[in-house]
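Scrolling down, you'll hit the structures one after another.
Each of the two complexes below includes chain A, the first together with chain B, the second together with chain C.
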Partner chain A sequence: MIAVTDLSKHYAVPSRKGGRKHLRALDRVSFEIREREILGIVGESGCGKSTLGKAMLRLVEPTSGHVVYQGKDLIKLPSGELQALRTDLQMVFQDPYSSLNPRMRVGEVLGEVLWVHGTRGKEEKDKRVSGLLDMVGLSQDHARRFPHEFSGGQRQRIGIARALAVSPKFLVLDEPVSSLDVSIQAQILSLLTDLKSRLSLTYLFISHDLAVISMLADRVAVMYLGRFVESGPVREVFSSPLHPYTQALISAIPTLSDEPIAQKAKALGEPANPVDPPPGCPYHPRCPLAQGECRIEVPELRTHHENHTVSCHRV
Partner chain B sequence: MSLLLDVQDLRLTLPSREHSFSPVDGVSFSLSPGEALGLVGESGCGKSLTALSLLRLVPEGSGISGRALFEGQNLLQLPDEAMRQVRGSRLAMIFQEPMTCLNPLLRIGDQVSEAILIHEKVSRREAEERSIALLKQVGIPIPERRARDFPHQLSGGMRQRTMIAMALVLKPSLLIADEPTTALDVTIQAQILDLLGSLQQEYGMAVLFISHDMGVVSRVAGRVAVMYAGRIVEQGKVDEVLRHPRHPYTKGLLSSRPELGRKGLSGIAGTVPDPKRFPPACRFHPRCPIVEDVCREKEPDLSEVSSGHLSRCWKAETLKA
Partner chain C sequence: MSARHPVLRNIEVAVGGLILLILVLVTLLSPFITPKDPMKAFSSGLTDEGMPIGPCKEFPLGTDTLGRDLLSRLLAGTRYTLLISVSANLLALLIGGLVGLLAGFRKGWLDGVLMRLTDVMMAFPILLLAMALVAVLPPSAATVIFVLSLVMWTGVARLVRGLTLAESEKDYVLAGRALGFSDPRILLRHILPNILSPVVIYVCLNVAMTVLLEAGMSYLGVGVPPPAPDWGRMIHEGKEYFRAAPWIVAFPGMAIFITVLGFNLLGDGLRNALDPHKRAQ
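On to the complex of A and B.
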């Protein structure tokens, strides 16, 4: 459905000695998403996962790369044509409160989206708004309320309704449940699963929470310092992770089972500064398995078997 | 063994424009020396306010009632000066966001030294040496150099380590940790939890560990108390509560929790109640999947369902699996 090739986003940051340095928030990332699939993107803060979601939809302008959708490269498209395609490609953010206008009633928020994308008649608009509210599990009279009158979970439902207003085919979900309480999180996750099958949607699901990804996604890509370090079918990546970083992430999850953490899998220290990434494999300073070549040469992402790829010298 | 902390019927009443309300409402629990107790619940359940009430760090005009015996003294009735002595020396607290507790204009080494100088008669030089030793102990690399950093130069994990170093200055017998790893990435969280565990051993320190995450609590605590709407609804050994929850809220929390490899989440219907408007009778009844008439009429007591395992539910017996 969507093919991403060598997508990069670099930011110029002033360096201490004067002059500029490049922060590679996203560094030559390539992948494909198939129709009706959920691709999970997982990684810790600053790994570039949100930048990836935004760069794909050109909510930030990528530095280079291609995003091909319906035979068109979104990155090269003039803004008018891009606008037309945006109805297919929508985004849901982590904090719906900061992305909802506090002075607009929910009905107006949704109505505005419909208006921008061509729905004119009031009756038609009202009908669509109530249909949307119903779809995300809210009731009709919620249309007259303001965002502050809702709980976090309800606001996220509004965020989802707004994304769905233009009948998209593809959604980028950026940490959609991270700010919610766990009992509410589960409600939103089942809503998303339900909507996906009902509306035949395709998701790029971004999360720092491996467990959430493992429950929802078909395939997963693990990011570290702007790159994919491992990707493959969810079940396989989580049951037999190849990359030491994926292993560290999995063993760091506080599970309710009482298996002890394997000492070797733990990540040492903290992530490197993305402005000044270490030479060689970006993970090597934290990797318990690092050896000579890891410090010199950047490992390429290669296919380990079938759809399971990994970038590590030691696998 | 005598108890280190014995809290009975703790109640915090806050004033508000319409009528006063109690976000912490009759909470009782205890801690033995060296023990780690987890306090778990979702936002607005009163877990943080329980801790702040114990330290008497609550807004002016609010009322605290009940009893909190700590090392034989009732914290709730200590004169202010005596309370100040207890805070930071016998009883220390760390928070979710260390940046809000660290002074942005002071080097971290000086902040740790300051804590030493306030409570002990030592030379500045000696305080500095001790602060560097503490920073080293909490896992800050090259502490001599890091001590000269300002808080903004540190990562979230390093800031939390600094907070822990400050809390340890006077070897407290009780550390209250309020969501200390919630703002951290998962690999860093694992490091901080390991650190807290080893310090607890080394110092023989009791820990009251507050978290929204049952998984985190199960890593550090031996016992757990689950809070909902200002009340403890279940309490017991972590293993026991995890394997055989006897309150529908705990059960719901556990089945809402995403786990690797699990398929299908059930969640809990409805929303977390507003502390200003807790539901009558059993406070969980509007969201409870096994609610009956009695639950809407009368609130159950927190009572023992098996040795050391308490539940506040009319139907705790039927939850025995």
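On to the complex of A and C.
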């Protein structure tokens, strides 16, 4: 459905010596999303997963790469043509507070989207607004309220309704439940799975929560310092992870067993500074398996078997 | 909504607003409420030695050096102060607002060019610039308004740019982009309403400063040309007689003080009343 090739986003940052360095928030990422699947993206904060979602929709302008949708490269498209395709590709944001205009009532938020896309009659607009509210589990009289009158979970429902107002086919879900209570998370996740099957949607689901990804996604990609280090079917990646980073992430999931937590935290130290990434494999300073070549050569992402890819010299 | 809006319950807003309301009323009614003709030099307004006379029954605030009624001139002068300061700031708001919105929203080279231009404008010494311009342009109230707005727009531009930059990073703006909203729609319907209240407060405080600046210009003789009863000019005309007739300087000074106080109270009060952190207490 969507093919992403070599998508990169570099930010120029002034270095201490003067001059500029490049922060590679996203470094030559390639993948495909198939119709009606959920691709999960996991990684620590700062690994570039949000940038990936925003760069795909050109909400941040990527430095290079291609995003091909319906035979057209979104990155090269002039803005007029891009606007026409944009309605197919929408985004749900992480922060349910800053993602809604605080000065507009919910009905106005949804009504504006409908108006911009051609629904002009008041009656028809009102009907569709209440249809959207109903779809995300809110009631009609919520349309008259302001965002600050809602809880985080309800706000997230409004954000979802806004994205659905243009009848998209593909949604980037950027940590849609990370800022919510666990009990509310479950409600929103079940709403999202429900909507996916009802409206035949395709999701790119970004999260740092492996449990959420394992429940929802069909395939998963693990990101580290702006690159994919491993990707494959979610069951396989979680049951037999290949990359030492994936292994460390999975073993660090807190469980209710007796195992001391210290032993689980195998990923040593903090992630490297993305402005000054270590030479060779970016993960080598934290990797228990690191050897000579890991410090010199960057491993390419290669197919290990079938759909399971990994970028590691030692696997 | 209650009978009294929460902003009006703020004591500073109430007092400042009341002062300004009175000043506006004086401006509107000044042709009817001035007891005497503010331009007329009364022969009874000077002593036999030709000196101005102090407050008395006939001239409640005394007379000036030409024997004109000070109270009437003071009331008539309200119009100049208020109209000049407010319209200069509205003009500054328009220019600075446009520059700031464009710079903050477009970013990149346009931001660079507009902000360097703003920096250059800010580097000019205000009064020197005003005097230089007045020397070139015909002396009139319009010139004074133009000069003052030229000085005041830079601050507005900087403030609006900063607010716009911060606001356009927010996710609801990104969502608007993803939903295919046009740039003018995002800028005017989404960003502008959300940055408006700090701008209104800033402009309010700026008007107070402009009142002083305008008086300063008139005092230096580069303001509204005579015989207009401008407060700054009245002080200028009375300064030679300060020892013998201090009222000529004191009453316009007091009028300026009250006007500045009114705008400052309103601005500060609005800031406090609209600040959600302070309102919560």
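Side notes on the structure shown:
Please note the rule applied: the second predicted complex is superposed on the first by the 306 of 315 C-alpha atoms of A that agree within 3 Å, B and C clash if a C-alpha of one lies under 4 Å from a C-alpha of the other, contacts with A are read in each partner's own complex, and residues count from 1 in each chain.
Throughout what follows, contacts are C-beta pairs under 8 Å (C-beta built on N, C-alpha and C of every residue); 3 or more make two chains touch, one makes a residue touch a chain.
Only a predicted model underlies this, so the values are computations on that prediction, with no experimental measurement involved.
Look at A:Met91: by the touch rule set out above, it reaches chain C but stays clear of chain B. Contact with neither chain B nor chain C is seen for A:Met223 once the two complexes are overlaid on the shared chain. In the superposed model, A:Lys54 lies in contact with chain C only, and not with chain B. Partner contacting the larger number of chain A residues, of chain B and chain C: B.
Once the two complexes are laid over each other on the shared chain, residue contacts for A:Ala143 go to neither chain B nor chain C. By the touch criterion defined above, A:Ile253 lies against chain B but remains apart from chain C after alignment on the C-alpha atoms of chain A. When the shared chain is aligned, chain C comes close enough to touch A:Ser99, but chain B does not. Look at A:Ala161: by the touch rule set out above, it reaches neither chain B nor chain C.
For chain B in complex with chain A, the touching residues are 42-43, 141, 155, 157-158, 185-191, 193, 212-216, 218-219, 239, 242, 252-269, 271-272.
Residues of chain C that touch chain A in their complex: 170-172, 174-175, 177-181, 185, 189-190, 193-194.
In the complex of the two chains, the chain A residues touching chain C come out as 54, 57, 59, 83, 86-87, 89-91, 93-95, 98-103, 112-113, 116-117, 159, 162-163, 165-166.
On the chain A side of its complex with chain B, the touching residues are 44-45, 151, 153-154, 181-187, 189-190, 208-212, 214-215, 235, 238-239, 248-256, 258, 261, 266-267, 269-271, 286.
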